[in-house]
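Each of the next two complexes has chain A plus one more chain, namely chain B in the first and chain C in the second.
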Partner chain A sequence: MRAWRRLCADRVAMVALALLAAFLLLAALSAAGLVAADWEDEVGVSYAPPLFAGAMAASSVSSAAPAQALPDNPFDPLADDIRALRAQLASATATTGVARRATLPLGGDKWGHDVLKKTIKGGETSIVVGLVAALLAVAIGTVFGALSGYCGGVVDDFFNWFYSIFTAIPSVLMILAVAAVLQQKGVLTIVLILGLTGWTAPFRLIRAEYIKHKAREYVLAADAIGASHWRRMFHHILPNVSHVALVQLSILAVGFIKAEVILTFLGFGVPVGVVSWGSMLNEAQGELLLGRWWQLAAAATAMALLVTAFSLFTDALRDALDPKVKP
Partner chain B sequence: MLAYTVRRLWQMLPTMLGVVLLVFVLFNWVGGDPAYLLAGKMADAGSIANIRRQLGVDQPYYVQLWIFIKQIVTFDFGLSWATGEPVSQVMATRLGPSLAVLLPLTLMETLLGVALALALASVRGTLTDRLVMLACTVAMSVSILVYIIVFQYGLAYRLGWFPVQGWGGPQYVVLPVLIGLAVSLAPTLRLYRSFVLDEAGQDYVRTARAKGLGERRVMWVHVLRNAAIPIVTQVMSNLPALLIGAFLLERFFGIPGIGREVILAVERSDFPVIKAVTVYVAAATMVFNLLTDLLYQAIDPRVKLA
Partner chain C sequence: MMLLEIRNLRIAFRVDRHTTVEAVKGISFSVPHNATVALVGESGSGKSVSAMAVMGLLDPAAAIIDPDSRIIFDGSAVRGKDIAMIFQEPMSSLNPVFTIGAQIAEVLKLHMGMRSAQARRRTLELLEEVGIPDPAQRIDAYPSQLSGGQQQRVMIAMAIACEPRLLIADEPTTALDVTIQKQILQLIAELQQRRGMSVLFITHDLDLAAEIADHVVVMCKGEVREAGPAKQVLTTPTDDYTRALLDCRAALATRRRAPLPASASEAPPLLEVRQLRKTFLLRDGWLRRRTFHALENVSFTLARGQTLGVVGESGSGKTTLGLTLLRLHQASGGSVLFEGRDLLAMPVREFQAYKRRMQIIFQNPYASLNPRFTVGDILLEPLRIHRIGTDDRERMAMAHSLLEKVGLPASATARYPHEFSGGQRQRIAIARCLTLRPEILVCDESVSALDVSVQAQVLNLLQDLQDELGLSYIFISHDLSVVRHMADQVMVMRHGAVVELAGTEALYGDPQHPYTRALLAAMPHHG
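And then the complex of A and B:
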């Protein structure tokens, strides 16, 4: 409670928390299908510019128009079929009555998807992957750390050996090696890759806390009244060290969101058809050469905002939970 | 000193064995049968059996593990599955370009980081300090991908100051190093600043000031000598990881280095190359950790290696 009050007194932390909450809310709404569920609708013209840069709209529309009225190639054996198809297409657009818009709030991509909705949907993927993977990593690290620190002896030696193996291999290499082995792509795969390789930092800290706590008087008292090892480990000690796990969770979530974006960009992350900030940046790289900067700007800004808020909040959380700076 | 080194090398063995086991389990057990991968889509049973015999995967697991250990010790991982080039040659030829980017980058990053951290620590608590720290947090939150895409487009493609891509001369190194510097300076500065501030509050700093030394001498001689210990640890233990860490730069700029090779190998399921890189980088990480500990003594006479 005191930590919460300390956190509330920190204005930067409150702003960061509000921003973070907004991102999480958007991700939750999008996951529930209430927001941006229709991001795949092709509502705008291809590469529709953003609303505030509407001046370019005229040129892009006029350049699109002559393409429509392409004269028939007299040598094309399929000319009749193509003309029929074109007529069909035109009537389809007319019957649905949806005219493609020339501008969109934050612009459109190659297929005319609304970049704003796409960013929200992509954010959902990136945030969910980051949070779930961080939860997995912290859960593994906490259980291993608790066993290792509490039991000591051979168990501790074994987990330390395991830890030394995972820290000897640089995390980037570890992630890429696991990605190479797990052939199928998917949201679950990338969560597993990040979660199974990221448990080392929480393990080290939780283990140190358990070594410190297991000799404390309240644990000895629990032993005296007959609490089992299991109960002492997870009922008595865990709540007292959970602040370490909480800070680790938020540090790892930031790292994993960044990692997911890079992995997806390289094509080892979420599958084709699922949008994430990484896949948006991948498309945006080519679009930039054509001068279509808005998808890059949208994905990069959204991600930078989220990560800045998350990092500032993590720093404040650590300060608030650290017993050393208690007034 | 010698006895310490020998004992540390001896202690590395179980960890190294663990790394080998982990890589073996990943690629020979979790990874599935490579014969189906290699034989392609139109494979008949005969050619699959043939490939399995060539790779030794029809042998029991303990024989396969023994083959793997022999490969590691003799530096002979056979041929790359994708290109047919010997893996040892792949490693040897890709090391040079990686180091050509890595060494100037590390050197400049460390020097700039130390200088800026010392400058920032002497104005700690002021508005400048807080603004720079905030700028660092913001700079760290922008994805490295965005830095590379924007810099490559802006400086190389649009303005034409640097070659957009390629390898073959000093001019190809400049832009990747600059981008690497832009990305890594913010986290480095934050970290070094905390190292310097840890020292700046010590008693010996007050003593140095009390006997009338100038601020510059206190910071650059007394504080720096002590803050150098965690900084050296940081730089040294990060070096092997950096070899891979520059993979995005290498990929974007077409630099034929180790990192790009790993990405290509993951894309092509070229297991021998990934296995070799993983094992040797892990070994390098452990050796560099030992070197760091040995360097401690040179920097800090109080440290006794026992």
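And then the complex of A and C:
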């Protein structure tokens, strides 16, 4: 309660929180199919420029007018069928808005997809990957860290040995190794890759906090009244070190959104047919050579906004939750 | 003409943008030349804040000093070099990564404009003067290589390096053992005489003030309650608050109840400790390990309804004893017989039942309560664990009656520990122990962190509970007068071993062991 009140008093935190909520809401709506479900419709001309940079660029792209229809061949035995097909095609183009639009709000990609919708849809993937993978990593790190720090002795030695092995391998190599083992593309794979390699930082911090707290008098007092080890670990100590885990969660979520971009860029990311900010950036490298900068700009801006908001919120959350920080 | 005159000093602290809290409410007092003035008060009385204001150490962003306040030093404004200050914690006042010689020499170079060689010579003289043994060798020692008393001596050397005319000592002996405290007090008194400087001695302890001061200023809640010559204030106080403070201490000078009849000591003991040992393995260098004996063959018995006092200086093993008895530390040897059953040998599951019968109250009420639990959670938890009471409503009713018993309102259950004062928190900790209706309570320095008046209240509470519930106490403390007040038997410990164990009257009246005599001699005597 107190932490929430302190958070509310922080204006930067509230702005960041509002931005975050907006992103999450968009991701949820797109997952539910209410927004950007039709992102794969080819609504614009190829590489349609964004609205604000539109008019002058539009003229140069307007060559995409439909070709003149061929006259009917009276000797063709299939003439009737072809006529029927043509009529069907014509009515189809009529329902989709007749012609493709020359400009789109944030421009279009090679196939004429609306970049705005693509960014929203891509955000869904990226945010899910970031948050779920971060949750997984922090959960693993917290449980391992709690066991290691609380139990000490052989258990601590074992987890430390495990930790040392994980951190001794360069992180990119580690990620590629896990990707090679899992052998399939998909959002779940990325979440597993990032979650299984990212637990080391929270592990180290939580372990240190547990070592510090297990000798505190309130934990001894809990022992004296007969509280079990489990109860002391997760009921007494965990709430007192939870700020570390929460802040790690925010930091890792930011890092993982960026890592997904890198993974997709390296070809280990989301499969074809699924869009993410990473795949958008991957496409953008070729487009940039042709001077089509809008897809890059949209994905990069969305990412920068989310990451900045998340980082600011993280800072504020840490201050609000840490009982040692006086308001 | 006074050396330091404070007139109408008023200091407020900013809490947030709109509210301020007045910590010092227009106090006036003065420090004469060549004299020691004691500023006495409990925590929150504004005594340290006033001293910081004199030194100019208050953060101007947080503290507002009223413009009408006057601090006049020898007829003019304060000059930094003429006043020096020493603090309560010598360990945190010294920089751990520099040698003590370098730290004293730095002061000399900065303020006295000395060169390195000259500063080192002077540093040696200063260390000699404050009584550091073998200064030529110690000058290159790091703070961690010195004991607490020696560190405080170094702080004093640093303070007198610039030949100040006023030395402000803010609780300089509170963190030290009684025997060391006595030495530091003597040193400050000697230096004051020899150098003809004045000392402003800030303390919460009236007995200490009586030992060292010529004048006493008693503060309470930011106001001066009484000021005057030490003898007059401490023997014929005119103010109610001063009288109450003196009474709190005076009450401790007497035994609470008559010595036990001889038959009581023949009753079968509730707890019998035999040859209890505890060793720690310390890492010493790369692969070597060193065993440290925290407890060596400690034996005693405790009868039902009795109090065993355990006294000793820091490092004597008295806290380890308490923790080992409750199996919070694993004992290395010996046995603890509770009604004839060995607690140390029984399996964990069986011991769980005995946890109900033996409880511990820790020293620091700020650390022993989980800050994330409400008082209700704190009191219900032991009841739930041991399945006392049928449901939470019944348990809550028990918690309410316990809170009432320790003198807190029932509404406290919805609040968090940090909303309570130190004394109230200690009451909560006591209530938590009582939920299990224990037979033995280990009180590990349970009143040491509390102010004198609060201390008296908590001690009274413990006594009332003992009379009402027939509890046995193992009362661990470094404060000899508190132990004398509480205990039927006293055990003196040193370096993990029992030095002397005797009835309270016998031990205080006719101590046998030279160490016990030294401890008793170092005790500040009131009046």
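The working rule: the second predicted complex is superposed on the first by the 286 of 327 C-alpha atoms of A that agree within 3 Å, B and C clash if a C-alpha of one lies under 4 Å from a C-alpha of the other, contacts with A are read in each partner's own complex, and residues count from 1 in each chain.
By definition in this document, contacts are C-beta pairs under 8 Å (C-beta built on N, C-alpha and C of every residue); 3 or more make two chains touch, one makes a residue touch a chain.
The shown structure was predicted, so the numbers you read here are calculated from the model rather than taken from an experiment.
In the superposition on chain A, contact of A:216 is made with chain C only, not with chain B. With both structures placed on the common chain, the touch criterion links A:240 to chain C but leaves chain B unconnected. Legend: residue contacts after superposition of the two complexes on their common chain; A:225 is shown touching chain C, with no touch to chain B. The wider contact with chain A, measured as residues touched, comes from B rather than the other of chain B and chain C. Looking at the shared chain after the overlay, A:135 reaches neither chain B nor chain C.
Common to the chain B-facing and chain C-facing surfaces of chain A is no residue whatsoever.
On chain A, the positions that touch chain C within their shared complex are 216-218, 220-228, 231, 236, 239-240, 323, 327.
Residues of chain A that touch chain B in their complex: 161-162, 164-165, 168-174, 176-183, 258, 261-262, 265-268, 277-278, 281, 284-285, 288-289, 296, 300, 303-308, 311-312, 315. Of all residues in chain C, only 16, 323, 326, 328, 352, 355-356, 359-360, 362-364, 367-372, 381-382, 385-386, 418, 429, 432-433, 435-436 touch chain A in the complex they form.
Note for the complex: chain B touches chain A at residues 14-16, 18-19, 22-23, 26-27, 30-32, 137-138, 140-146, 149-150, 153, 157, 240-241, 244-245, 247-248, 251, 262-263, 265-267, 269, 271, 274, 277-278, 281-282, 285-286.
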